[in-house]
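One chain, subunit A, appears in both complexes that follow, with subunit B as partner in the first and subunit C in the second.
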Partner chain A sequence: MSARRQGWVLAVYTAFVFAFLFVPVLMVVLFSFNKTASFTFPFHGWSLQWYRSVFSSPDYRSAIFASLKVALLTVAIVTVIGTLAAIAVTRYATRGRETLRSILLVPAALPGLFLGIALLSLFIRTKTDLSLGTAAVGHVIYTLPYFFLVASSRLLRFDPMLEESARDLGASSFTTFRKVTLPIIAPALIAGALVVFSLSWDEVLITFFTIGSQNTLPLLIYSKVKQASDPSINAISTLLLTGSLVFIVGVRKFVADLQT
Partner chain B sequence: MLRLTSPALLVLGLALLIPILLLLVQSFVVSLGYGQLQYSFTLSNYAEALKDPVNRSIAIRTFSIAAVTASACIILGYPASFFITFRLRRAKNLALFLVVVSLFTSYLVRLYAWYTVLGRDGLINTALKTLHLIDRPISFLLFSKWAVLIAFVNVFLPFTILILASSMQSIPADLLENSRDLGASAVQSFTKVVLPLTTPGLVAAFAYTFVLTSGDYTTPALLGGKQSTTLASIVRDQFVTFGNQPGGAALSFLMVLVFAAVYVAVSQTRRYKGV
Partner chain C sequence: MRERPPGSLQIEHVTKVFEGAPAVKDFNMEIGAGEFVSLLGPSGCGKTTLLRMVGGFEFPDEGRILLDGQDITELVPNKRPVNMVFQRITLFPHLNVAQNVGFGLRIAHVTKAETSKQVTEALELVRLPGFERREVQTLSGGQAQRVALARAIVNRPRVLLFDEPLSALDLQIRRELQVELKDIHRELHGTFVYVTHDQEEAMSMSDRVVVMRLGEIEQVGSPVELYRSPASLFVASFVGSSNVIPVKALRMDDGSIAVELGGTVVRATASEGVVPGADAALVLRAESISLEPANGGGPSGGSGIASLRGRVADVRFVGAMVHYRVDVAGTRLHAIQSSEGSLLEEGSDVDVSWRMEEALVLPGRGDVTTPTPKDETDDGSGV
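Take a look at the complex of A and B:
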């Protein structure tokens, strides 16, 4: 096969892969605007009624608030402990560095199911009532590795001499952190926080075991899909997609800032 | 150093290590059903989990779906990553960005999206009907192991592409040119340069997909038929429906043993490749 032919075959193959990734999701977006209650073809014309039914539904509203609470709590905790851990591992650890790194990355290597049942056992044995708070504990464990990766990749790439100079000029270690380190790594921390938010916003496997009687948005969608009769799923899905798109564009902006 | 990591380590200790140890202890005690435990040591939870012929056939199904998913992700993702990394110039960042968009697209939405493609009146059935290839909609598309497989590949393909693309990006471009200049054919420079240098990424992507698909219960629950129980759904039912935590715990540790074996195998290939 000539190089040119090869290039074409690869291009078509890649286009197919992208179609496979995006066509189903685009179908959901299309049918979220469908005039009739049919989930699928034929498409009957445009309407916003499913969006109206999402916004007027108390179920969706309380699920959205529950998801927001869990995600914001998770982001707050992970940003603090993850930043400290990333600084420690990239700046100060000499001997234990690899071990610490591995420990911090462990949760990402375990399936959500396992984290979920382990936490549920803890909550049962300690007689802790399940709530949005216990769900947030699960989300903290699950998202910490990803935040750590984003934050430490930035810390690894900036010159420690900047911090040393500040210290030489008489700044305390806290002032150095506040005036030198933090401004430099801030975009990475924001990008990390956005990643954490979107992971938490979307989590099902761990949440199922740790939340108790309340529903987050993904859990509500899960139960609606299982009943498979509610066209408003298309609309709420499209809203979720728009949300994650906004987040990713945000992350990309901060990551682009990082690279300059 | 320890002072700074201590909050994170404290959280991991309290909410990861202790729960896992607790789970381990529970896997060795007697279940009285409905969440009641009797704290006397037994190996029967493990023995039962291993003896049960149903578990065994479900384990085979779970791990084979996971292995097929991971392989399919590589088969689809490898050429695509290759094209994105080595053939695209200006569109490269856009293509990678689209992959990231797909990665961060809600997991549930991506599962649900297959209803609109594979369902009774979905894209495929409608297309086939319009082309007069079928009279009645094909019903086995959705709620089958094929639907589960397709959805799994859809969910994990972006991961695979990103891992592979990043391992390809670390190959210096002149290395490829040099190999061509020294007379290697396109195929040779691929098998002698690109493939060995991307093997660690490939193996890592495979292991990651394998582990996460074997531990998933939502995809089979939403897209699988009656025959689509997986190990993860058994564990979940043991915990939630039957309150048999020791049984579920034992089964989940057996799963983790398999995962550990996979990870060890991965680190071995890395060492072997000298990376």
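Take a look at the complex of A and C:
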């Protein structure tokens, strides 16, 4: 095969892969602007009606708020617990550090189904009412390992002599943490928090078992897909996609900060 | 920067054990206010551990540390009126130069205006005027350590501690900073305790040098004392560039001793503990040896001068000085001569001589030269 032909074949292959990856995405975006309720070609013309129906629907609104509440609560809890855990494991656990690390990372490896069922049976046994709070508990367990990984890898690169310097200059251990350690590791913690937010935002399995009667956004979309073909899910999906893109750009900025 | 508190330090029988192995053993010493004292020794000799105990980063297992009579042994670092310049660059990366230097003052609730005034003064003292707004990432290694020094002295500590602060720098910048550090010491009249493994650094800056080995004091003295009368072979081989040659001590008469050096008997100055018949080593400084082109009549020494015939094995010209290696009496000596006049040639015969009082005989086996850290741990495990 000539070099030119080889290049041509590779180009076609690459185009095919990209088409496979992105055509479904583009279809969703395209049909979110469709005039009629059809999901298939022919395309009948442009309209914003599905977006209007998303914004006017109380279901969507309450689901978005529920998702936000769960995600923000999860982020708040995980950031505090995860930072403390990372400091404890990287600084103070001289013996058994690897064991502790492994144990902390286990929940990420557990099947979501298993975690969901385990939590549900726990809540039933302790007679805890299912709510956004119990869903957040599930999300905390599931996202903590990811945050811990980001935070502890930053702390492992942190020179403890910076803290000794601060102590030497008169700072108490708390002041040292507040004025030296925290500001230096903050970009990593923010990056970890963003990861946690995005994991929590579209988590389905654990949420399904632990949330009770309320709906988060992914659960609502799932139920709508099951019930009937409601084209508004194209619109909400497109909105989520846009949100994710903005989000990724934000995360990349922090990740870039991390590497300096 | 006047009205400085005295800053005298008493280290009383301090011992520190790490995982069963003593890092510092019964260290006992007093450091006077305003003194510049260096702790010198190979890595693993306990000098850094001792410094860190004074700084409050380690706590002794036994003994006490007193600062101006007050017991600070158990005090946490932030409660001690001492400051440290670390070996690595430990400037806070999220703060600029002025914020780094002013860190201690802000912690101590000094007003902003006063802090910025003192920061400016401190930066002038370390020869970095106008660096306030610079980001620390833009500093060279030498500049960063100057800022670290400013960050320490701005708090007017009673004792300034240095943990090999120049060891990561280029030789030239290092020599430059050594001179400046001595000037700064003179300006501040402060007590400086300086840890280093570089004997030239210790000798050139300090009032007194503490040579440490295996966690213990080997010898304390002024640089001149250490150089002229080393108390042990270890000190002799660590300080200056010495030839340490195993010899046989023959007989002794009032302070002078006859030793056999490769079949020739020479006289030398005996130090304490030398016993005729026992192992001994002749310590001969490279710069005390004088080399002359051999004349026909054979070596002829006057009274008090040892003279031997040798052959030049190697010549190294380094500018003001020439380094020779000379084979003489079955051993190879390192000799340093001024490079003025004509140089000796490789392979030529020379008369090798030295004054009797420049040659020191110490007890011990002379085949132990400057111990490496590996030797240290080998020795340590046997203790």
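In this section, the second predicted complex is superposed on the first by the 240 of 260 C-alpha atoms of A that agree within 3 Å, B and C clash if a C-alpha of one lies under 4 Å from a C-alpha of the other, contacts with A are read in each partner's own complex, and residues count from 1 in each chain.
The criterion applied here is as follows: a contact is a pair of C-beta atoms (placed from the backbone, for glycine too) under 8 Å apart; a residue touches a chain by one contact, two chains touch by 3 or more.
Please read these numbers as outputs of a predicted model, since none were measured by experiment.
S.K.: Kindly classify A:I248 by the partners it touches after superposition: subunit B alone (first), subunit C alone (second), both, or neither?
M.R.: A:I248: touches subunit B, not subunit C.
S.K.: For A:A63, select first, second, both or neither according to whether it touches subunit B, subunit C, the two together, or no partner.
M.R.: In the superposition, A:A63 contacts neither subunit B nor subunit C.
S.K.: First (subunit B), second (subunit C), both or neither: which does A:I190 touch?
M.R.: After superposition on chain A, A:I190 lies in contact with neither partner.
S.K.: Applying the touch criterion given at the start, work out whether A:T14 contacts subunit B, subunit C, both or neither, answering first, second, both or neither.
M.R.: In the superposition, A:T14 contacts subunit B only.
S.K.: Should A:V140 be classified as contacting the first partner (subunit B), the second (subunit C), both, or neither?
M.R.: The first partner, subunit B, only.
S.K.: Once the shared chain is lined up, is A:L132 touching subunit B (first), subunit C (second), both, or neither of them?
M.R.: A:L132: touches no partner chain.
S.K.: Which of the two, subunit B or subunit C, is in touch with more residues of subunit A?
M.R.: B
S.K.: Could you give the residue numbers on subunit A that contact subunit B in one complex and subunit C in the other?
M.R.: None.
S.K.: So in the complex, the part of subunit A that touches subunit C is made up of which residues?
M.R.: So the residues of subunit A touching subunit C come out as 159, 161-162, 164-172, 175, 179-180, 183-184.
S.K.: Where on subunit A does subunit B make contact in their complex?
M.R.: 3, 6-7, 10-11, 13-14, 17-18, 20-25, 27-28, 31, 38-42, 77, 80-82, 84-85, 87-89, 92-93, 96, 100, 103-104, 106-107, 109-115, 117-122, 124-125, 137-138, 140-141, 144, 148, 198, 201-202, 204-205, 208-209, 218, 221-222, 225-226, 228, 233, 237, 240-241, 244-245, 247-248, 252
S.K.: Sort out for me which residues of subunit B touch subunit A in the complex.
M.R.: Within the complex, subunit B touches subunit A at residues 1-5, 7-9, 11-12, 15-16, 18-20, 22-23, 26, 35, 76-77, 79-80, 82-84, 87, 95, 97-102, 104-117, 119-123, 126, 153-154, 157-158, 161, 186, 208, 211-212, 214-218, 221-222, 232, 235-236, 239-240, 245, 248-249, 252, 255-256, 259, 263.
S.K.: What does subunit C use to touch subunit A in their complex?
M.R.: 55-57, 76-78, 82-84, 86, 88, 90, 92-94, 103-104, 107-108, 151-152, 155
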